[in-house]
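Next come two complexes, and both contain subunit A; in the first it sits with subunit B, in the second with subunit C.
And now, the complex of A and B:
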């Protein structure tokens, strides 16, 4: 596989974690513009653990996911009381606060005679765990897609379970769900924590793929894209956000068809899709039609 | 299954210790929009690093996964440790140049340069206190 294809596939995989994180909250009826903050938390936490303390990547990823979930809980506690646009704006503000905190974060140690660690706006260089441990780019790609497949399997199983039905009922009508005995607030907090952990996992992998991170990597554009991918792909199944990422990164970016005007095409695509298919390409109706047809054939 | 095996294998993996490489970039605007001829100077422990395979990519720092250029393979330059590559960027401004090294050592270096009609110079960052 050539470097370009490898790069495009890696980016699709990394973005998918973020898109799935936004998708989870969309299922619960909440539109977050702030998932990039948890992606950043994961990237910085994972990077610090492997580069400064030589923690193995799998353990660093677990710790970063835990931190991402905690950060999401911290943001979710005050913001999930808000509804609709107010919640969206609050998450955006929280993500910008996180980005500014990353700009203030200076935590460096001397490793092999060189200073390493987060250095404010100068970024965080030398997250070399993957290179130091001889992990090839193709193997890292396999790791990304292996983890993505695991996450997808869990999400698809959850969607078919009672838990998934409860989640969708909260997203559709929280008052009705509450009247049926569902603790909506606690449920949404749990979803926010899972979404935070998922974004953080993507962040750890991104940091180790890139070897360098900086606060600007986690700005609003990343959050807007992750939300757009979930909305384009559709809210009917966890495969939807992946379709959204594949369309933008794989087709538009990968084909280089539109060159520098790609963002205009992407913006237009989002606008058209939101008019024609407000719940995305793989929306609930399409998924329901497909699954009932499959069941009938059996 | 292979991904799981890889994940487990990564737990006790020992680092391959090697002195890090350093890189500098000098780019000349070709006259064609956003196309630059660049010379990369690689050193390791103060000595020119020859014989490396260098793949050069570029990302925009604000959207590193969504705005990048197709990686190009650098060719050995005139001096030891020099490598040449032509970069076809999408626009002027700051780019994070990614150098993926293989051969004598495996590493990835990320350099931040500001590109304009004059060429490229190291990007300056505003400190926040």
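And now, the complex of A and C:
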């Protein structure tokens, strides 16, 4: 596999975590403009742990996920009862606050005679754990897709369970769900925490793939992109967001067909697609038709 | 010290006036459609790029440039309305918003295809020296912007509260079904309000680039964020609220820049919005308690 293909595949994997994070909240009926904040929290936390304290990557990833979940709880607690645009704007404000805090974050130590660590707007260089431990790019790709496969298996299992049905019922009509005995507030908080942890995991992997991160990586464009990925791919199944990411990064960037007009083509396609399928390619109806057919065959 | 406070207040009101215009545009669209138009700012940016292109190729005068900015913003706005909002009128708000984001991507790429440099100069509204008045510095161009904003808001008020069109708009905001029963065509109101909002945005955009003296592709995101922020700070409830929100944002930015420095300036505005939303006061939810925001 050449470097270009490897890079495209890696990026599809990395941004899938973020798209899944946005997707989880969309299922619960909340539109977040701020998942990129937890992606950033994961990237910075994981980077600091491995680069400055020589913590092994798996441990650092776990810690980063925990921190991502905590940050999501911190944002979610005061805001999850807000509706629609109010929640979207509160998460946008939180994410911009996080990005501006990354710009203020200066925390450097001398490692092997060189200053390492976050340096405000100058970014955070030298997150080299992957290279120092002899992990090849292809192996790292396998690691990303292994983790993604694990997350997907869990999510698909959850979607077929009672838990998944509860989640969708909250997204459809929170008051009705509450009247059926669902503790909507606690459920949403749980979903927000999981979504935060998922985004943080993507962030850790992103930081270690790129070896360099800067606050600008985690701006509002990234957040809206992940929301768009989830919606284009479809809200019917956890495979939807992956399809969205693959369509944008894989098909359009990967094929290099459209050169300098990629965003014009992609933007037009998305707008037209949403007219025909407002809940994405793999929407609930399609998924339902498909699963009921396979069930009957059994 | 007192003089600095006063100077900051003046500067804040000056930048707040353009924020107020952006917020008014956003509020008009949100009021009648209950949809967020993310490509509001990028459409304005495209208008400014059109004017810059005219300036580079034909050295057009100020009036032509202003007209071109507004015309470009309205044209881009019409494209957004047809592709993102007309098809989703009774459907999904999220789909409409994501579609408007998709067109944002188009506008940004189109702008950089036509004018590929990262930054372009834009002719200033007025190049004269600033006035000195009791130790305060007053730039003639910001005074002109302030005056124009006041005139524009007055005209808008007359249009919305003293004309049949305004009555139709307000009726549609209140209840589109009842409005259509009374013989108002909501579809027509949607389109006209969209055009009106885009024109106001275009004027705001012209003032922004003609006082900053430069155009960059970042203007799109910048206008969308400032407009959204000002609209939300004003309570997402009314046009006076949008104007107050814009002025408040300008004042907050000017004072926090002075006291805390440029890095903390944006932080303060977002922090304030987050705290306000979390506290969720009644005046912020006036429009959305009767009809859902989503």
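Here is the rule we use: the second predicted complex is superposed on the first by the 298 of 298 C-alpha atoms of A that agree within 3 Å, B and C clash if a C-alpha of one lies under 4 Å from a C-alpha of the other, contacts with A are read in each partner's own complex, and residues count from 1 in each chain.
Note that a contact is a pair of C-beta atoms (placed from the backbone, for glycine too) under 8 Å apart; a residue touches a chain by one contact, two chains touch by 3 or more.
Everything numeric here is computed off the predicted structure, so don't read it as measured data.
When the two structures are aligned on the shared chain, A:145 is found in touch with subunit B, with no touch to subunit C. Of the two partner chains placed by superposition, subunit B and subunit C are both touched by A:221. Using the contact criterion defined above for the overlaid structures, shared-chain residue A:100 touches subunit B and also reaches subunit C. Judged by the touch definition given at the top, the superposed model places A:31 against subunit C, while subunit B stays out of reach.
When both complexes are overlaid on chain A, the residue A:126 reaches subunit B alone and has no touch with subunit C. In the superposition on chain A, A:267 makes contact with subunit C only, while subunit B stays out of contact range.
Residues 100, 103-104, 221, 260 of subunit A lie at the contact with subunit B in one complex and at the contact with subunit C in the other. Partner subunit C is touched in their complex by these residues of subunit A: 26, 31, 78-79, 81-86, 88-90, 92-94, 96-97, 100-101, 103-104, 220-221, 224, 227-228, 231-232, 260-264, 266-272, 274-275, 278-279. Contact residues of subunit C toward subunit A in the complex are 30, 36, 38, 83-84, 87-88, 91-99, 101-106, 108-110, 113, 221, 225, 228, 232, 236, 263-264, 266-267, 270-271, 273-274, 277-278, 280, 284-285, 288, 292-294. Chain contact summary for the complex, subunit A toward subunit B: residues 3-4, 7, 11, 14-15, 54, 56-59, 100, 103-104, 112, 114, 120-122, 125-126, 128-129, 131-135, 137, 139, 142-143, 145-147, 149, 206, 210-212, 214, 216-217, 219, 221-222, 225, 248-249, 253, 256, 259-260. Here subunit B touches subunit A in the complex through residues 2-4, 6-8, 10-20, 55, 57, 59, 61-68, 70-71, 90-91, 96, 98, 100, 106-110, 125-129, going by the rule given at the top.
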